[in-house]
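The same chain A turns up in both complexes below, where it pairs with chain B and then with chain C.
Presenting the complex of A and B:
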């Protein structure tokens, strides 16, 4: 019961957050003059004369609050605007691009978190010994690698030398045809999951093959990050009194590290892991662009470049909802890991 | 009474960036069977390090440089050199034959596991045979009394469990249960071990006078008061009826009223369980109340060892005298020891105490005094004797 009321309270908290975020971003777009914004609707030099009329129609010279009010009332009626980049409504665009990004995140996040926790634990347990030095060097190396560079190098190797082994985009063309055929039901638009639900092994393997390179590119930096965090967190908890107690009980080093130290070290990692996941679902522009893997990141980037205000606002809205939700999940996870944490700070 | 622990020439050093820290220097100390030996001294005098050295848990970058610690095992009736033991053997002694209670009960308990979990861990680790026997009895009772449909379905599993528990009770590390404990679903066959350990845990908690023990067992440490936590820690240390209980300032972080209860508890434990206690404290009042003999430490070496009455009535070492003078008393002007505690990085030559000693002689600067018996059971390390 406590959990349910907590979730409701946190979801209500979404309302002010969304207002704040949209007012902020809408305010930034107001820095452009009405003429500049009207010119975005112009596709032809001859239409230049229509600008005053466009300003009139769309109310671009109205006060900020009126324009914001117009936009928000449209949002409440379910209309987020038109995304010119892909030529469809913003809401549809988000739903269209989300599955690709979600697929990437679903595969990358577990790898990042589990690898990070595992390596961080190992490094802390072997502090100042070769294994620790090795993983630390790897972490600094991975953390300093620019994503675009790593992506390009992987591409060079796998597109250049081992052509066809790990191809770009989401699916190869024959499989694309299978996926788009009438007998293949697209439940989620996440290819791997759909392939499993439709029992199409070939599609699953093909989708997986296309995922490998972007997932590796994404993981390298993030694993390094989580690993560093886990290591320092583990070292802190290994220095605590209860670790000495556990050793004095006669527990083996493996149990001391994996049972007594690790669970206490997980809290900061959970926080960051939540943001890593949210950050990925929000789109990983560079990775998606390099591997022509069209997801949310690619769409948001295109919209921003072309000053597609409706799309950018829609994306910001989606972003804030996602972050609030992830925060909520992270807070609930805290209570599972650490019994001292109570939801909403209410002591029982 | 023989010696339970015999420490000879124990030297512990820490290799830090600033230099070598001489934590313990050539320490000779005996703990007799059934006695409570107090170690008193200032902070940093090496009291805790002595205790950790007995358990071989000196933290990094410290090392036991030389010496010997001989432990007399009552069950095996033989002497064991702890410093030469393999890590596995040492683990079977820690928490089983020698256990330790730490200063800060709040820090000594893992905040994410229940009290019961943490105590039953000790039973599961050191008393598997006993648990196996108890579980076996449970299964026997079920096999004898069980009837009806459910029982006839469960009967094959009970037989299997009986075989497993029999193996656990008889062999030291049997293959079948060990293997099954790693297999999901099948590891549930061993649940009675856990259950028995929980029952023992509740008994243990009752033993240290925790009211409502069964409920406390499922509480997390942060839900208990300081005194309760300390009782739980003591219960954990006593779980396997150790031959030596090391208590490292167990009362320092507690209220005075709780302190008194704790001291009472320690006295009772000693009488009931027949364990020796190594009681580390910087509070001379506490030491006088619980200890049979007291050892005074200064800057990593031993100054004086004597029975409580002897030490408080006839203190011989200048440091012991100074220490007793600096105990606050009503109607008496508070004395302090001039100077500061010896720097462990660059300890003074000869006797560690000579720069602060009122009766230092030239020889004190050059030579360390050996422990000498000046009267029966009264040892002093000082050139004056």
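Presenting the complex of A and C:
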């Protein structure tokens, strides 16, 4: 089957899944009374004062399907409800907090991928030697680490012991002033990128300094995950016949490992990209919470703790759509990377 | 049964899995003997609630009376981590138990009957798997109201789909075997075929998977508790004990690491608990996967 029709089929397949996701999310809201649910439909602060009106307008005392219909048409017109925590519509809140979270992920993602692949390759190439044992023990510890605890330990050491080296929050106050001044144009609201675009080296370095601890906290578990996978995948590919052939041809060990073995070992790593994405979303909530780094994760946590149901469910919906799309992209990439995968094959 | 013996020997032979066994055994002993290791004070009604020694916020350094010190609100850390072991096992075992029953039931229905039943059950799992686990768990806990029970419900809801899928796949594999065909041929009911023939041959990898997932479940539960979405305040729970230390990561400027005990000790318990299960899990996977076992 052709790639294009495969993509179209997969996109069509998304419709029932997303339909199910919305029913499920709406089902959760049914645990609440109509009064609490009213915030799902609010678009500005004044409406919050007139709840009975909202219940009337959106039929919050009507049967499930009527309410679902009303809600889903609101969602399609871009209204995800009112976020009490930040006092703005949920859609706007997602948009406002997204850049901070993107900034974290822009730095964490390459670290996770490159470190994981590099360490996994090294461990496999030095199988059963000290380097392998060392990295394996590190990986299993990293994989078992509670992210929130790792963050606290890093904070204890760097905020307490090496005071001022890696400060909290997103920017220091002087830099905050620069960023908010009129001459500094916020193209993306991602501090580091805006700093480059505005040619402000000091801002860039300052933003970077504030990013180091959260990025480490976010990356460690995922690096360990990729490393472990890469190691076993490398071991499998190092045992293959073409490696024997390559060695028999007299190729140097470096070429054999880095070219012949590693390229084939990368395929399983690509297939778990979806898991890594999910792991990062989970990690973002915890990391942003402990570092009071005001991005999507911090907002989701605030909303959950203060039982702001419209925000929590809006965030969940946003993430599930993103997650499903990421998985789609991963599957498409997979067929590109590994020509042995047949497009028409089983869809499980 | 020789399978079990073989497995046991393999596990003890490998230093990493042996370490895992030892760690888990220690935690089992702590959980069983919690009332002896950290005896609840006289007249203390709920043993899972950590006794307090006063109400001052500032943590107190380890002393003879409180060997691990006290954390914010004067909760005794030693008592908390010891009884927290029980909470951890309880969350892990209850969640995995319910998940197994649900997963086995739905997975074997889907795998054995196929067709429309399979389609419906698998599409439902698709929906649940469309969320990052912690996000869905957070939403469910927020909707049900924060409590340990909500955490367990949420973790069950996010974990059963993977198990249903695993069982379904294994049942699909054994469904076409001759012995299934034969027992159907002599007129055994579907229920009997599933219970007596299909499941016993398909369930083994799932059981191993499940027993080793306890660590992951406890880790997520601790994260939820840490975020303030779990156990009620004062309940013996590692995640919550860690969150008590959040205001005390930096001590006074003369002694910045003053409250290290409140920050590190509860987390170390979580780390080693999860590590123990992961070490065991790695070993099991190596033994069960003959392709990897040879290396």
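Everything below uses one rule, namely that the second predicted complex is superposed on the first by the 284 of 348 C-alpha atoms of A that agree within 3 Å, B and C clash if a C-alpha of one lies under 4 Å from a C-alpha of the other, contacts with A are read in each partner's own complex, and residues count from 1 in each chain.
The criterion applied here is as follows: a residue touches a chain if its C-beta (ideal position, glycine included) is under 8 Å from a C-beta of that chain, and two chains touch if they have at least 3 such contacts.
Remember, it's a predicted structure, so these values are computed and weren't measured experimentally.
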item	value
Which of chain B and chain C A:233 touches, first, second, both or neither	neither
First, second, both or neither for A:323, with chain B first and chain C second	second
Touched partner set for A:252, first chain B, second chain C, both or neither	first
Contacts of A:260 with chain B and chain C, given as first, second, both or neither	first
First, second, both or neither for A:121, with chain B first and chain C second	neither
Chain B versus chain C as contact partner of A:161, first or second or both or neither	second
Chain C versus chain B, contacts on chain A by residue	C
Which superposed partner A:217 touches (first chain B, second chain C, both, neither)	neither
Those residues of chain A which chain B touches in one complex and chain C touches in the other	127
Complex contact set, residues of chain A against chain B	127, 240-242, 244-252, 260, 263-264, 337-340
Residue ranges of chain B touching chain A (in the complex, touch as defined)	55, 57, 59-60, 91-96, 99-100, 102, 104, 107-113, 121-122, 125-126, 220, 222, 233, 236
Chain A partner contacts - residues on chain C that touch it in the complex	16, 122-124, 126-128, 130-136, 138-146, 215, 219, 222-223, 226-229, 239, 242-243, 245-246, 249-251, 253, 256-257, 260, 263-264, 266-267, 270-271, 274-275, 278-279, 282, 291-292, 295
Chain A residues touching chain C - in the complex, by the definition given at the top	16-18, 20-21, 24-25, 28-29, 31-32, 127, 140-141, 143-149, 152-153, 155-156, 159-161, 163, 232, 235-236, 239, 277-279, 281-282, 285-286, 289-290, 300-301, 303-305, 307, 309, 312-313, 315-316, 319-320, 323-324, 348
